[in-house]
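Some structures to go through are shown next.
Consider the two complexes below, in which chain A is the common component and chain B and chain C are the respective partners.
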Partner chain A sequence: MSRHVLMSREVLLSGAILVLLALIASRFPAFITPANLANVFNDTAPLILLAIGQMIVILTRCIDLSVAANLALTGMVVAMINVALPGLPVPVIIACAIGIGALLGMFNGILVWKLEIPPIVVTLGTMTIFRGTIFLLSDGQWVNSHELSDPFKAFPRAEFLGLPVMSWITIAAVLFFSLVMSRTTLGRAFYAAGGNPHAATYAGIDVGKTQFWAFTISGALAGLTGYLWVSRFAVAFVDLAGGFELNVVAACVIGGVAIMGGIGTVAGAMLGALFLGIIGNALPVVDISPFWQLAISGAAIIIAVALNTQANRTKGRIILKRAEHAS
Partner chain B sequence: MTDTTRVIPDRLQSPLQRRVKSWESLLLAVAVAIFIVNSFMSPYFLNAWNLSDMTFNFTEKAMIAFAMALLIIAGEIDLSVASIIALASTAMGAAVQVGVGTPGLVLIGLGVGLLCGAFNGVLVTRLGLPSIVVTIGTMSLFRGISYIVLGDQAYRGYPADFAFFGQGYVFWVISFELVLFAVLALIYFVLLHKTNFGRAVYAIGNNPVGAEFSGIRVARVKFILFLLTGLMSGVAAICLTSRLASTRPSIAVGWELEIVTMVVLGGVSILGGAGSIPGVVIAAFVMGLVTFGLGLLNVPGIVMSIVIGALLIGVIALPRLWDKWRAHAAKG
Partner chain C sequence: MKRRTFTSLVAGMSLAASMMGTSAMAQDNMRIALVVKALGIGFFEAAAEGAEEAAAELGNVEIIYTGPTDTTAEGQIEVINSLIAQGVDAIAISANDPDAVAPALQRAMQRGITVISWDSGVAEEGRMMHLNPSSTELIGNTILRLAADHMPDGGDVAFLSASATATNQNAWIAAAEEALPNFPGINIVATVYGDDLSDKSYREAQGLMASYPDLQAIIAPTTVGILAACQAVSDAGRIGEINVTGLGLPSEMAGCVESGATRSFAIWNPIDLGYSAAMIAHALASGEATAEPGAEIPMGRMGSVTLDDATTAAMSDPFTYDASNVADFADIF
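Moving on, here comes the complex of A and B:
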């Protein structure tokens, strides 16, 4: 039953994306050329990477509002490392980025796991702490393009089989986490911990520890995205990706991830991110002011969550369901 | 994680009460400590006018925080409040351009706030959608409409008598906003702690199913709470617009997080069911004092946010660490 619903939700969303593309193409055929679609995918890559991490966190009934601040902090740190040690090879930089991001995520995870502080409070706090730390580290200064080494900037843009490396990393992450979620005990534990924490505990799953790993993965992905973002745009500053955490949550919600936990897939998160990415890229093409984007993504979130909830409603036992919503 | 930390309702009375009280006294001690430290750190702190200026740091946010506290106690949340300010302010700015006077502007500000609150309320109570997602959506939607209307422009030219709400003083250094803050604090105190409605809010937060079965109209109470939160955002929009005398779509950006921080710092459980208005009032002063004191010391705003963030986590983590340490000590 639930598997059926999941499948249909992703098919539905794919359909919506195709209709959207068809609408745009009917007036601007150039938009759906493979080259442009590849561009759109590459532009959406950071959102997809973060949405995967956020999806896992939301699966376990948590939320990570600190991802954008984590991204900006890690991006600033690796940029400063690059300025200080221009000779450091890019793989080391990437390892640093993933490591720093994962550490920041673990900090969230420890607070949620060991002190049982509600995740929204933890990540609200660490969000402002991370942003403030960027300011302390950088003294409010920007790290600009000319200060960064050429290999540092060139890596995500390097083309490989017609696609930039950034796109390949994203594709690899989607495949890797699809496997993790469906084929490993940790992946199944994420679903179990969110779907029914009590049952998960009786089944021998440490719910708190599972949440800790979810935050760690989300942090590691945010760190990786931090390097990709800073190197692609060749700039690091305090307000980098400000407010991006909401786009990430929006991508998850549109992708059918249930905010009450236990339901969601990597493919769904990716499709949700692509939906937002296509709208963002299409607006200038169809000559609508980019100022419309915020309102459109807001409306998309509301419509998506309304549809998701309607799809789940067939299960019955209304009173109990309501209680779940309220708590 | 959520279920194990919930207060068991049949022990609601005395231990909870004691805990809430000790929380407020802890917070009050923090506020007094910050006050004393501030007055030693900066020679400009102990000045009636400076202290009066300080109150503008929190009055507008606190007005919304009162309604938000009730909403969070009832187990819901509204992240769209800052965007409601933006939309209400934009509507007032647009009305100024066609020559609406101050009374009309006030009505428009309150009306837009109520409408936005009703929109959130309908989505949550009628369609049964989770409030955190709904209000993340309306947060983008409401501010998005402001961006569509204004783009990179700004509305100015508010009438001279409109300035009173954000810049006027009732008596000596006592600003209109401070008086409004005090009056609203009193109203919300009575509403939450002295009325049936307030008891219903706690009941819903502790056990929504039980509340439903004991005859409380859960959906209606929640709807009213969303209305109140929207209305308070409208009130804050009037004060802020009047104080700034201009409207940009980026007005009050990020306030929702500061307001939630204020509420949680005030001892309201983010899981619902517990909290008090006096706690929120003290938390408002704590946040105002911290930002103002650091401002006098020329600490940049972004660094203050570290302090606020650390305060939010620390103030919740420390008692839990203490409990853990004591339990550990008792065992060993």
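Moving on, here comes the complex of A and C:
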């Protein structure tokens, strides 16, 4: 039953994306050339990576508001490592980024798991702590493009089979986490812990520990994105990706991830991110006033959430009717 | 939510710091608060350095460098309220919004605090005087000239601004549009807004390149925007075809000038600006000068300024940086 709803949800969203592309193409045909669509995908890559992590966290009935701050802190740290040790190979930098991000995520996870503080409070606090830490580390200074080494900046841009490495990393992450979510014990535990925590506990799943791992994965992905972001825009500063956590949550919500936990897929999160990415990339070229741009982005989110609640409501009614008939 | 917790934290810390400060220091120290658009921006860090220089020169002056962590008017209002509570002697502010911060600043003036604005102005009722880094007309003319200098046959240029409501960026762009007749053959094809976010500015720059294939220059009168546009032009492989210019800091722009994406750019010296703002705040707060139309206010090594009818004044001309001098200034700010 829920499987059926999910499938239709992703099909619906894919349809909405196609309609959106058709609308944009009617005003600016060059937008749907394969090269431009590849650009849009590459531009949306950070949002997709973060949305995957956020989806897993939301599945377990939590929320991670610290992703953008984690991204900025990790980005600043790896940028400073690069400035201090320009010879350090990029794979080591990436390992550092994932490691630091995961540690920051674990910090969130420990607080939620062991101290049982509500996740929204924990991550609101750590968001502030992370941003403050960047300020302390950098002393308010920017790390600029000429200070970063060339390999550091070149890696995500390097072309491989026609797509930049950043896009390939994102594709790999989508495939990897699709497998993890559907084929591993941990992946199923995320659904169980969020779908029905009491039942999950009886089934031998430690809900707190599952939430801890969700935060760790979200943190690791934010760390990886931190490196990609700093490398792509060739600059690191305190306000990097300011407010981006809201885009990430919006991508998940549009992608059909239930904010109450237990429902959501990697593909949905990716489609939700792509939907926002396409709007973000199309608005500058279709010549719409910047004041309307904000309103349009906001309207898209509200419509998606409205569809979500609508879908959930009808589902609930049908179950009740069946229950009535049965009794 | 983020903003609120953040600024109240900052405000709390600065309040605590000032309490410790007052007990430790002599009571007759004049305290001048330098309120900036957001902390962690190189330009304002340099301005704070200039203000410290003025404080050292004057003696008996303590500079409180503060501001919100993101460029919002609400954040600045909270900072102003905490400064009023601390009872500082003067507030020198670069405003995120000319009107939104005015009521809070009026309250400050009612409490006897000297209020001036610098860099980005406050509505007339919300401050005693405003110090422009340069005149709006000069800056508008300069940024357009920077682009036109490298376009002998004329062509299309576009603006990449900060937010659609930013006070100074939009005044400069309006001035540039007015100066357009002085540059025959130059067309302004679009003005887009990157909100001072790297990713949005980058996307807007990409959009400009896609929408206007004949574009020859992107003029970004904002530090985040000019860097993002420079990166977007480099990534698109269009260095040499599109010149990214506008206002930026030498330390941040060194890479762009080196890669050739930027031929030249301009900025006034933020150290001088912070220095002058602190000097003026001191002169007004100590009663050495009064802020009224026609008044002449001294500002140390920068000479003096004369206020016009709207009690505003211009410090100096913007300075142009290119490959020949950017490296020398990159170490300074």
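Going forward, the second predicted complex is superposed on the first by the 310 of 327 C-alpha atoms of A that agree within 3 Å, B and C clash if a C-alpha of one lies under 4 Å from a C-alpha of the other, contacts with A are read in each partner's own complex, and residues count from 1 in each chain.
Throughout what follows, a residue touches a chain if its C-beta (ideal position, glycine included) is under 8 Å from a C-beta of that chain, and two chains touch if they have at least 3 such contacts.
Just so it is clear, the structure is predicted and the values come from calculations on it, not from any experiment.
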Clash-or-fit label for the pair chain B, chain C on chain A
clash
Given the touch rule stated above, what does A:N281 touch, chain B (first), chain C (second), both, or neither?
second
Give one of first, second, both or neither to describe whether A:A306 is in contact with chain B, with chain C, with both, or with none.
first
Could you look at A:L124 and tell me whether it touches chain B, chain C, both or neither (first, second, both, neither)?
both
In the superposed arrangement, which partner chain does A:G99 touch: chain B (first), chain C (second), both, or neither?
neither
Kindly classify A:P151 by the partners it touches after superposition: chain B alone (first), chain C alone (second), both, or neither?
neither
With both structures fitted on chain A, tell me whether chain B or chain C touches more of chain A's residues.
B
One more residue to check, A:M260. First (chain B), second (chain C), both or neither?
first
For A:F237, select first, second, both or neither according to whether it touches chain B, chain C, the two together, or no partner.
second
Overlapping contact positions on chain A, where the chain C interface meets the chain B interface:
124-125, 127-128, 131-132, 135, 140, 238, 243, 291
Residues of chain A defined as touching chain B within the complex:
61, 63, 111-112, 115-118, 120-122, 124-129, 131-133, 135-136, 140, 197-198, 207-208, 211, 238, 243, 246, 249-250, 253, 259-260, 289, 291-302, 305-306, 309, 319-323, 325-327
With touch defined as at the start, can you tell me which chain B residues reach chain A in the complex?
1-5, 75-76, 123, 127-130, 132-134, 136-145, 147-148, 151, 204, 208-209, 212, 218, 249, 253, 257, 260-261, 264, 270-272, 300, 302-306, 308-310, 312-313, 316-317, 320-321, 324
Complex contacts: residues of chain A adjacent to chain C:
28, 30-31, 36, 39, 43, 46, 65, 124-125, 127-128, 131-132, 134-135, 138, 140-142, 144-147, 157, 229, 232-235, 237-244, 280-281, 283-285, 287, 290-291
Residues of chain C touching chain A in their complex?
1-2, 5-6, 9, 38-42, 45, 69-70, 164, 190, 192-193, 197-200, 202-204, 206-208, 210-211, 227-228, 231, 235, 251-252, 254-256, 258
